[in-house]
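We just call them A, B, C and D in the order they show up, numbering each chain from 1.
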């Protein structure tokens, strides 16, 4: 029998990089979770145990920390581009570097005091080749709810279908969204802020006949609002909120008219979808090995 | 040999109660995680398998959901008091009911649209007896950081001490705090908002010679600000942020002057402390079996 | 207003200590999660920012690692006793040291190769004073199921009770159990192995009219089997397995006669109970601040 | 601007299906976590809010439970194939159904008593088209360690490289592995047992010059042992165990000769690789949207 090495990549995952900017008495904080991966001609490490071409994951980690100072963190995208380019430069065998960044937001309490905001986490995935780069911006753990203006009916029924049609239900999700830029010449922070505003406003304003329809509306609105985006991808668990059945309770006049729900953990519906601009350029390897989006 | 049943309690943990108030077109949301426990004379269930005195945990859960409607959720404390009293009434064998509530905050996006805020979670623990009740309010997952004005030096050294003294370090914690009221006649929401403000302001304003000192200052400030509180308890992991060592990097002029840190996961320092008002009334069973505070 | 410092303790939590014994070509592994805490006269650190009496948590961590070599890990209890005594010796202001150990089991694949076993985690909590020590042994994440011989009926009913009586249900729990020794002159490994055997056998052999009854039987059996134990404490979530309702499925002859269940996450019943030997000596501070058991 | 719907799928994730086989007094348990997804022509749901073609995720869940009885769970692969085929049959608009199964192992304590084994979780991913099916078997959470016979040296060095070469280190990983079958006519349980044996034995027997080399050897061994496999894919975090520095401890004769390590959480190296049989048939959509392997 004979076999060959297929796709492979290696890197350092989840370096928790915290950069404090203390040029003035009013400090700033950039709080990141950084993962890097290199792809290229590393077959000798796999098949012969020869590390000559391998830039250690420890060095990748060191670079991630150093670049928080050397380059700074104007935005996760900008930082990731610089880090990815550096890794390619440092490792001749690499054809491609992918850098994933999660950024945790903090609110200011004082000149050098902060409280972590929680909620949505901003993300960036940058894939750098020797002749260019692809950038995905995104958000995760964005937990959204509409307490009405959501229905689900007219669906296909089979022998195992017992779900009643719903005219008025809760729609809730913990959204993961990523969108691909067609350029690296972007004001990343302005683009992100605008994207988040668009997503939130569209979620709130869309009457939903299914989570799919809401996501599609959000994707279209985002592509409309930012012409430099090529596509949007969503991974959206349908966080079920089931109306609690009060019918067995022996309390006069007690009803549950869409007021009391149990928030369920598992199972959950899971809707995944892309909305792509007509005529968008080829996506390249932007989405390769991106968890939940490949 | 002979043995006897010691302390025991039983209940339903982590009912995820979501109450939507939809009396007008502008909905409100109360998003709770509710745990109940009963204590009393339930020995027959343990020793003889006789359930005659046992109100099922399923019924406790049902009551938690029903009371979100019947009583409503003006505040987690108020809801928990009503629920605890009801459980005692429904279960003659119970001597005491303890109700724990976590409340997740949401921000408004529209009349019936919300985005979960994340960050700190408001808590309440209510212990109801046949002749009264004790109330603990609190907060958890309150992640705080001072990027300077923190030192740690002058400590005891033994053969295994290698820690250098620190004149300027990051101080960060994910605080769990609870405080005991001396009354149940309280404007719970106003008290909570005020407490949070006091804790945040004191954390920001205190020069810290150790996390212990910061916590103590926060506790004193809270007791000062609210005369009706008897005591405050803290459980505070010292979320270590270690300065990254740049000395081995061969980059001219590259230094790390308190700017780049690695946020460590484990191990972590863990500081637990109470600040008690002089002359406070007996605490009763308020803290009995409260995770992390007993 | 005036206030005072109440109960307090500090230490280093969750040091992940891995000791490899490589005295021969056949290696052994001891894989531990170690938490230490000191209690005593540390008021100056809280109220005056004076660390002179404080042995840093960093030094406690260093000691935990060093003692895995200096003393070794014959058992988690033996290691914890040695570590606790050392910490008391090193820190004159301390009145008491508490050491918690979790031990992860590995199975052997070869002379120096191992696969982690998963499943139940062995635990020890040791509380050392200047004149003695208390030892709790235990187990956690011990997930048990009886697929029949479990009922729940004859319980109290109120207006919110809708639960039907069950003649034949699944009983499942993820058990946390701890038991207190009356001596430190114990063959800890033999005692633990015996305790686990007793708990498993009693769980399997007991017809259950409620989880309470099963736990009580397990506690009594353990005290019977090991006369040197003073008491046993359990924290046992009732991991509900609900029979799936097939009645709405339009498939001829399809029934669900106790064969298909949904394993629910939340909420869950939570039963906590102690079984205490008559005439057991005072428990001292053995259980003080032990998560879930205080 | 105009856009179009790109790739999309929907389904029900993480149904916790527990099947008890109670045909005799000696019960058996099959404990599964089941996720299903449908792909096909569901554009109307996204763009027009029309659910006529949509089999609800609730019905998919119901089918997952019902099929644990109707078809049974001879193996996760066999169950998943039956479930996937049924879903395609029930939903004309679907082109493809993907079913993921995790199976948790239990050890027997008695005729109807079990203790959950913990450790490695068996997995299957089945992708069913109208004219065939692809099957991936696998394992996850397989935590492996070699306490010697592992080195890492001769690697590329750049300005940020500070890692010393290691002649003797711990090699540990929490392996996720999946392998693709070329047929559905397989004794799935025998194949899985054999695969696990091959992976464990090869891990133990391979002197490692990097985790890459060990994984490659494991993949080659698996393809050698089972001619009906087309390829193997690994995702392997390098669970770093750092030798604890005892040099600062002031204890005579205390050294750390590869005996005491700290098990680190984050960051971790992450190695991902495929080993593919030469001449393997096209992989089809077997790996499409499979978390961590696409």
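Everything below uses one rule, namely that a contact is a pair of C-beta atoms (placed from the backbone, for glycine too) under 8 Å apart; a residue touches a chain by one contact, two chains touch by 3 or more.
Because the structure is predicted, anything quoted here is derived from the model rather than measured.
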**Study point:** Chains in simultaneous contact with chain A and chain B
**Key:** C, D
Review point. If you tally the C-beta contacts, which comes out ahead, A-D or C-D?
Key: A-D
Practice item. Would you mind pulling out the distance in Å between where the CA atoms of chain A average out and where those of chain D do? Key: 23
Exercise for review: For chain A and chain C, let me know how many angstrom lie between their CA-based centres, rounded off.
Suggested key: 37
Exercise for review: Using mean C-alpha positions as chain centres, tell me how far chain C is from chain D in Å, no decimals.
Suggested key: 30
**Study point:** In chain D, residues with contacts to at least two other chains
**Key:** 15-16, 62, 66, 159-160, 162, 249, 251, 265-266
**Study point:** Interface residues, chain B side, partner chain C - complex
**Key:** 1-16, 35, 37, 42, 45-59, 61-63, 66, 90-91, 93, 152-163, 208-210, 212-213, 215-216, 219-220, 223-224, 227, 231, 233, 237-238, 266-278, 289, 291-292, 294
Revision key, fill the gap. Interface with chain B, chain D side, in the complex: residues 159-160, 162, 248-251, 265-266
Practice item. Name, in rising order, each residue of chain C that touches chain D in their complex. Key: 15-22, 27, 29, 31, 62, 65-66, 68-70, 106, 109-110, 112-120, 141-149, 170, 200-201, 203-205, 241, 244, 246, 249, 251, 254, 256-265
